[in-house]
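Down below are the structures I want you to see.
Both complexes shown next keep chain A, but they swap its partner, so chain B is in the first and chain C is in the second.
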Partner chain A sequence: MSALKEAVLTYVKNEYLEADDDREVTYDTPLISSGIVDSFSMVSLKVFLETTYSISIPDAKATPEAFDSVNNIAVLLKEFGINE
Partner chain B sequence: MFSPEIRTSYQQQLGDMQSQGIFKQERVICSPQDADIEAVFPIGSEMKHVINMCANNYLGLSSHPEVIAAAHAGLDSHGYGMSSVRFICGTQDIHKELEKKLTEFLGTEDTILFPSCMDANGGVFEAVLGEQDVMIADRLVHASIVDGMRLAKAQQDTYKHSDMAHLEQKLQLHQDKRARLIITDGSFSMDGDLAKLDQIVELAEKYNAMVFLDDSHASGFIGKTGRGTHEHCGVLGRIDIITTTLGKALGGASGGCVSGRRELVEMCRQKARPYLFSNTVPPVVAAGAIRVIDLISSTTERRDKLEKSTQWWREGLTKAGLIIKAGETPIVPVMLFNAKLSQDFARDLYDLGIYAVGFFFPVVPKAQARIRTQISAAHEMHHLEKALDAFTKVGEKYGILGLTKAEIIAKYGE
Partner chain C sequence: MSHIGNYDDARKNFTWEISEKELGYVPGAVINIGEYCTDRICRMGKADKLALIWEGHDGHVKKYTFNDMRQLTNTIAAFLKSNGIGDGERVCLFMDKVPELYFGFLGVLKLGAIAQPLFSAFGADSLLTRLEDAGTSVVITQKKHLAKVRTIVPQLPTLKLIVVVDDDGVKPLREKEVAFHMDEAERVDSFDIFPSLAETPSVLHYTSGTTGKPKGAQHVHYSLISQYITAKYVLDLHDDDIYWCTADPGWVTGTSYGIIGPWANGVTQCVTDTGFKAESWYRFLETMKITVWYSAPTAIRSLMKEGIDVVKKFDLSALRHLCSVGEPLNAEAVLWSQEAFGRMFHDTFWQTETGSMMITNFPGMPIKPGSMGKPFPGITAGVVDLSTFEEITTPGLVGLIAIRPGWPSMFRTYWKNEATYQNKFKNGWYLCGDRASIDEDGYYWFVGRDDDVINTAGHLVGPFEIESALLEHPAVAESAAVGKPDPVNMEVVKVFIALKPGIEANKMLELDIMNFVRKKLSALAMPQDIEFVASLPRTRSGKIMRRVLRAKEWGEDIGDISTLEND
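Here is the complex of A and B:
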């Protein structure tokens, strides 16, 4: 288990799932393309990553593809020197 | 150059939209906007008389004789167009009069007109916020707000729809910013529910935040005297920015406004780009809208009728065994959950003389397909009875009356 992925997964569940939403979300669950996170609410995820890891993600890198799963987010964070 | 390759590329994109079922087709109306309309759909077919159940004509003022007469008079006295933006030579006495009347009606300090509420929402955030500030928006706000936020330099954040605990978390998170702006619709256009504006104002005061309210689907009829969601929630005078439209209940023509704290409105006059670089609201529209505000300020008759009709319609659909989104606004979504079912249902309604539109992903979330009905003070009881009869007949045809959400999804899929 990766602490980083677990932290992101926990955030995603708390931030985006309603209390009665029993969908299973794992590291490779599509977030954007499944509709769990839309392009508008994706900004919250970006704010979380930037605040938590003290980084600034340029808009060019904050793409729906880069945010589409916890695994993809971990790959993105690696670019900023944040490793699992 | 528009090369053959480029043309093919666009044709493929449009073809994809058609195959995905998201290609929009216009219905052509050959009569004034009203409860009874003459429509042609699809284009090329015969004109058909239908009852309109999907207009934003909440107060039935779009074709009201007094509004039409006032618009005629305005056309004669003030001309057809101004050929100018507001601040060069596009401001007439009637624009100032309309702004004053909107300020009084909405219970604010000042108002500035925009060509549309889309433009008001497109310009207001950039005009009043800077990069040291944060915008915290309900996730179901209107698309024009989303676009306006994207144009602003302030940081963006969102909270779960109407989730006050989540909003409070976000306000705590952003205490380090210079200014915080909570952003919400008053009446949410797809679900027809109302913002918890009293709680939002309390949180704003607790965490030193301003409140932005888009009341486009509420101005004129929500609240005891139709002032809007802020009246309904008992927070008149405590909203910092209200945007609303003249294109729905308030005559339905066009135009919108930013109304609120004097300094914020003045910032829009100085900096809001859709105000600075777009033509003034046509004189004929300003004159008609003034009459609308006078009409709804003198009597609550129309909003009272709308309230009663809405209650009847909501109860009727529920008794018939259809699932609706709970609420109290005249936006009444009939939930069908399956995209194809929503399209088939709407087509069958049209065949029975009822015009309503099915919505599905990505306009609404997946498995939330619906037909959105909108009640108007122009609807008489015979319109509503005919519409309810048609909804019941089509519901019977598809065997969904009395079924739960899970049962409808089991039958038709998500």
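Here is the complex of A and C:
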């Protein structure tokens, strides 16, 4: 289990799922295309990643594809030297 | 050949009677939108034609014919009736873009009740404000949104029923909650449709203003006359078209042109319940062989960001007509669409209150990229002076966009707020709240809003709602919300916040405030930018001067600040 992926997954579940939403969300679950995180909420997810990992993600890299799953986010963070 | 033909000829010869006659409506007779969109189409021999092709985010596809839709809307109406719900009651549709939302809307109208669609991403506070104001009797929702509804039930004494369309029985339902599974329910073939007349209330759409709570723009069944003919002339819907409106029925575009307009024309439409991703959208256009596409500038600009190469991977040759709504469509986006799709997007201008398109670019009419186009035939529009409300006749001079009242889909009041409704009319004009100019060829050019309302991705967000929510955050002393320019969404919410004494600004607090607003109101209202300040600019009477903050964001002249207290 990756601590990084688990931290992101926990944040997504806590912040973007409703209390009674019992959908299973895994590292592979599409976040954007499934509507769990919409394009506006992506901004708060970006701020979370920047704040937690002390990085700055340029807008060009903060694409729906890059944010579309916890696995994709882990790949993105790797570009900033944040490893699992 | 387009339906409208030559614009100037259409404008000269048009009367609303043309639409009435095509629909077979005789003044004074019964007119029920639910009936016109379903039973009437079946009687026209299209019972077996596909009405809806729906795709879920997991790729699951459902198809419904007009006869399916006729029966299912009957079934929903009968279900509500059997639960004691009757005409005139407000029924809120609080769902994602699932078939139950589309058919539920028409079922509510068949019952004679008032449909109150609300954007499913609204937080509990946004939901409460709108349900409380409307005195809503029923909420039809999905399991995933039930928690938000449950938190506000104690504050809604008028609420009788909560219908859950996808209850799986895993967790017990509570008092007032009832499960209803549309696809499995025994179909009702014949329902005694409510005999609504032209002025019978039909739909209540909430919209935000600069001050006060959101207002419910109340529409009537006669709106069909406008929605049918504008869908036919502007969207140019033909019998063999496959149509896709990307708008959510929580907003007026999603009902006027995502339900009423296309189905009153007997056209097949497609809906996808997936979030925005360029490749997913192109794949949907390709797979469904969409011919007419009605979308929004924000989506188009998001597609532009992904580049032209992505478009070229897909066969979009079926596309023949593109339209856009929600915010001004910039010239670059129009030109890009010509390059990407081989045809230009046609911008359309209208709003919740107008119920149908007012000023648009028409098929066959030369497009001036960046222009709003010209008034729909039957619509008398103009720009009027900002203070005298006299019509401006000099080309290029900026004034307020104004429409002569009397078109069929005009809202009839703001729910329980007649005074604010009356205030929208000056000197015999309805004022849209937007500024524009008209050029020497009669084309309208959008300039901006005339108030502090924030237009983000085509949705209006009231600064007052955001500021009120922020006051409930433990760290916030006061705040001001303004629109900040954004290359994709036109505007995004920016808030200026003065913190309570002893509280220090930092990134974690910023994130906490963003999520606080998102959960209370909606993601649209969530500040995308937060600036912490020592104090906010105020007039000497203590009112926060949002316009000073907004002008700075837009790089505009801040104007007269003689009343500014703390400059």
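The criterion applied here is as follows: the second predicted complex is superposed on the first by the 84 of 84 C-alpha atoms of A that agree within 3 Å, B and C clash if a C-alpha of one lies under 4 Å from a C-alpha of the other, contacts with A are read in each partner's own complex, and residues count from 1 in each chain.
The rule we apply is simple: a residue touches a chain if its C-beta (ideal position, glycine included) is under 8 Å from a C-beta of that chain, and two chains touch if they have at least 3 such contacts.
Only a predicted model underlies this, so the values are computations on that prediction, with no experimental measurement involved.
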item	value
Contacts of A:Gly35 with chain B and chain C, given as first, second, both or neither	both
Which of chain B and chain C A:Glu65 touches, first, second, both or neither	second
More chain A residues in contact - chain B or chain C	C
Which of chain B and chain C A:Val43 touches, first, second, both or neither	both
Chain B versus chain C as contact partner of A:Asp20, first or second or both or neither	second
Touching partner for A:Ser56 - first (chain B), second (chain C), both, neither	neither
First, second, both or neither for A:Asn83, with chain B first and chain C second	neither
Common ground on chain A, meaning residues reached by chain C in one complex and by chain B in the other	15, 18, 34-35, 38, 40-41, 43-44, 47, 51
Chain A-facing residues of chain C, complex	57-58, 96, 121, 143-148, 150, 170-171, 273-278, 280, 302, 456-457, 507-508, 510-511, 514-515, 518, 523-524, 526, 528
Residue ranges of chain A touching chain C (in the complex, touch as defined)	15, 18-23, 30, 32-35, 37-41, 43-44, 47-48, 50-51, 64-65, 68
Of chain B, residues touching chain A in the complex	137, 139, 146, 155-158, 160, 173, 361-362, 365-366
Contact set on chain A toward chain B in their complex	15-16, 18, 34-35, 38, 40-41, 43-44, 47, 51
